[in-house]
Amino acid sequence: MIRVTVWNEYFHEKTHANVKEIYPEGMHKVIADFLAADDVVVKTATLDDPNCGITEEVLNETDVLIWWGHAKHGAVPDEVAEMVQNAVIKGMGIIFLHSGHHSKPFRRLMGTPANLCWREDGDLERVWVIKPSHPIAKGLPRYFELEHEETYGEPFDIPEPDELLFISWFSGGEVFRSGCCYRRGNGKIFYFQPGHETFPIYYNEHVQTVIKNAVRWANPDYRVDKLSAPHVKKIGTSDSYIIG
Amino acid sequence: MIRVTVWNEYFHEKTHANVKEIYPEGMHKVIADFLAADDVVVKTATLDDPNCGITEEVLNETDVLIWWGHAKHGAVPDEVAEMVQNAVIKGMGIIFLHSGHHSKPFRRLMGTPANLCWREDGDLERVWVIKPSHPIAKGLPRYFELEHEETYGEPFDIPEPDELLFISWFSGGEVFRSGCCYRRGNGKIFYFQPGHETFPIYYNEHVQTVIKNAVRWANPDYRVDKLSAPHVKKIGTSDSYIIG
Amino acid sequence: MIRVTVWNEYFHEKTHANVKEIYPEGMHKVIADFLAADDVVVKTATLDDPNCGITEEVLNETDVLIWWGHAKHGAVPDEVAEMVQNAVIKGMGIIFLHSGHHSKPFRRLMGTPANLCWREDGDLERVWVIKPSHPIAKGLPRYFELEHEETYGEPFDIPEPDELLFISWFSGGEVFRSGCCYRRGNGKIFYFQPGHETFPIYYNEHVQTVIKNAVRWANPDYRVDKLSAPHVKKIGTSDSYIIG
Amino acid sequence: MIRVTVWNEYFHEKTHANVKEIYPEGMHKVIADFLAADDVVVKTATLDDPNCGITEEVLNETDVLIWWGHAKHGAVPDEVAEMVQNAVIKGMGIIFLHSGHHSKPFRRLMGTPANLCWREDGDLERVWVIKPSHPIAKGLPRYFELEHEETYGEPFDIPEPDELLFISWFSGGEVFRSGCCYRRGNGKIFYFQPGHETFPIYYNEHVQTVIKNAVRWANPDYRVDKLSAPHVKKIGTSDSYIIG
């Protein structure tokens, strides 16, 4: 059983009529609904919850965290961002969606500002699959399209991805590395670009396929209890602790 | 069900008394025996079989190929090496053991001579796990030891591994990148250094754990039928074939 | 002084009127001309030369080899491809242009078929710089355009680049990783996609800037005499040879 | 001219007699002295200086920053760590020495805790060069030895290095990735493990060679003025700014 927590700042859906129309109960609700499955149990959390909905208890019971934020990155306390970072280092998987590239946890995990270029012109986006045999690409056509999406453009200031899965083409002329895999500590990280709040992106079947696959990919293969810095004595006499 | 084929040149076991004593039926037999499991069915093939035991039929029915060779790399026809390389590109997993670093399929897949330094002095080898949360490391202690092993040393002339899992320490003074992961085309590749024929390496429980885990890791996540170079016409009118 | 050899199969320029018009003396001549500089001396070689113009002597006197081939990949003997591969492993830099992705030396160095998708529809290509501080990007705008170019598309079946520098956008809807850096053995490899023979690509100022920069980047930092596999005895008594 | 700033917390040299004996004026003084050259001008800064000796002015006039800290990581204000991180993203090179792996700037740039195992038993360390043609390895033997050094061991909790240059062997039984290259934003990062304060490591000729080479490698190839996130309008009408 994979335990997923979908975190959403849940701001635009309450303040912008057009967003509310698309996601009347918040995009976390839509994402949670399509993720629920026999082997996946989903909870949600938002900025409105106590402590942003992120506590040690929540993280300890989360195998994969999904993060969507945009206008309210600054409202997430540094302590929460640090807790999330540490949970990933210990092994929790995490999926950052769209404008989550500028969230505190993402920037901390990347070590870079994660800047990019953008335009809001309703461009057509075509997402190309460049590693078709990767588990996150399972069930996808060689490319899929989003009729209207916010345009993201390069340079995207991130470390070279461990694996680059998707590159997007925008009708206005930009390209963007829209699917990026990383391992940090014991945890796996996936960044996926689609998901501007003013378009019904998370209803798209291929977008849903990607996120469903990513949850299974990011789910820790097994739990390693410690990734500490022990002050070990002579190798020959140190006890060899079992991992996993 | 994972279908594994263990390929062994099967030469030293028939010509050197001390090797024969360790592996009376060949090391492929020992490897096949410990790999067999409810979800793994194993076949073996050797240089003595027609066409080295490697045909298109064999490869089509193999999810993960294990390769051990040393003295007889040159006896493997170029056509067979090319078939193996192509099978990996199409998605078959492959695990190269020990002196398999100099086999024709490994050199073709790496694009480098894959040279290294070596000594046969019966050094103690200590294999350190540097990515404890990787599925190939599951169930391992933080390091394990082989009382006597051939010494391999750096520089090991390989492309930078996609993921470096193990680094070995030898009592004589060398270090070696002893567990290296790659993706090439649709296939996954794992190089694992332990396994000199004059020591009973493949009876070691931790070595067995690594190879068992590696088989599950290298097993293709799913099959992609084509990785071709289609001469596609305008995107808008090309049929979008489904992957996986 | 950087010694460059520009290799061109030199076929279309002699057989297709429109190509001849663009490159009356062959594209190698145009490339050689813009590369010549105070610190760069350039020679050329073609398929018409004895042994394809590639001998051990030529490679020994070449710091950076540039390779353009398309229709005549098969006419390059395997022995020549192997010589080129070995020269790179020893430290020679190499730049593969355009359809050189399917040349024998490139496929040998990558370990993959290096397939891709393509169309000849005269699309506009926009080359995006995704690592602006890389030396190969020096002097470039954030993107540059080629009014008409053959369209190359993903998936491009190559190992994950050590550094991905450029991603191209095509007006017909494709994206392509158009600038890729690798290190193999002691040598540096750069793949650069622009250069279809029916368009005057190598007269473009930005394309010229890239190739000029790439020559300086690929030029070996210094020469390492050996990358061998010595059968060394005990570390303590082995002579420690000086590198460089 | 390369402008280097050597930063040292400068604590043990003033409080521990044995360290003071080795580095009577601080290790920054020794490092600055051997780095000074016709093409390198060196300044130093320590925790005792106003604002730790790190201001925007200092960073603006620094091409490569060298960082040694150990007992006083916590005394470096978060604002200073952030300034250093931002300077690297903008293009400044940085070299972290030894226990600098736990400094605030290193952890911020890596995105991980950068934990490791350690012992202080005066082991012999043997540093193996695994990429002999890399510019940082120029002039080194295939390995070099430090008679006594603090032992560092794996797992070292860092992102997979872009290029792994050195792996160290310790007489007590550990291995360690002792030379690691990264690019983050426009800047280059090198981590180099030798340098425990109780041993005269920075007087070793090979250690000096590595740091001298690393300064030249990390020196920005050229300056990119902006790595911002512009809100660009339609590509066709955006002005294409020149990089470099």
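Side notes on the structure shown:
Per-chain residue numbering starts at 1, and chain names A, B, C and D are given in the order in which the chains are listed.
The rule we apply is simple: a contact is a pair of C-beta atoms (placed from the backbone, for glycine too) under 8 Å apart; a residue touches a chain by one contact, two chains touch by 3 or more.
All values reported here derive from a predicted model rather than from experimental measurement.
In terms of the distance between Cα centroids, chain D is separated most widely from B.
With centres set at the average Cα position, the gap from chain C to chain D is 33 Å.
Put simply, the C-alpha centre of chain B and that of chain D have 37 angstrom between them.
Within chain A, contacts with two or more other chains are made by residues 126, 129, 131-132, 142, 153, 155, 160, 162-163, 173-174, 183, 185, 227, 235. Judged by the touch criterion defined above, the protein chains are all mutually in contact, each touching every other. If you check the complex, the residues on chain B that touch chain D are 126, 128-132, 142, 153-156, 160, 163-164, 167-170, 173-175, 177.
Only residues 91, 126, 129, 131-135, 137-144, 162-163, 183, 185-187, 220-222, 224, 227, 235, 240-244 of chain C touch chain D when the two sit together in their complex.
On the chain D side of its complex with chain A, the touching residues are 85-86, 89, 108-113, 115-119, 121, 153, 155, 157, 159-160, 162, 172-174, 182-185, 227-236.
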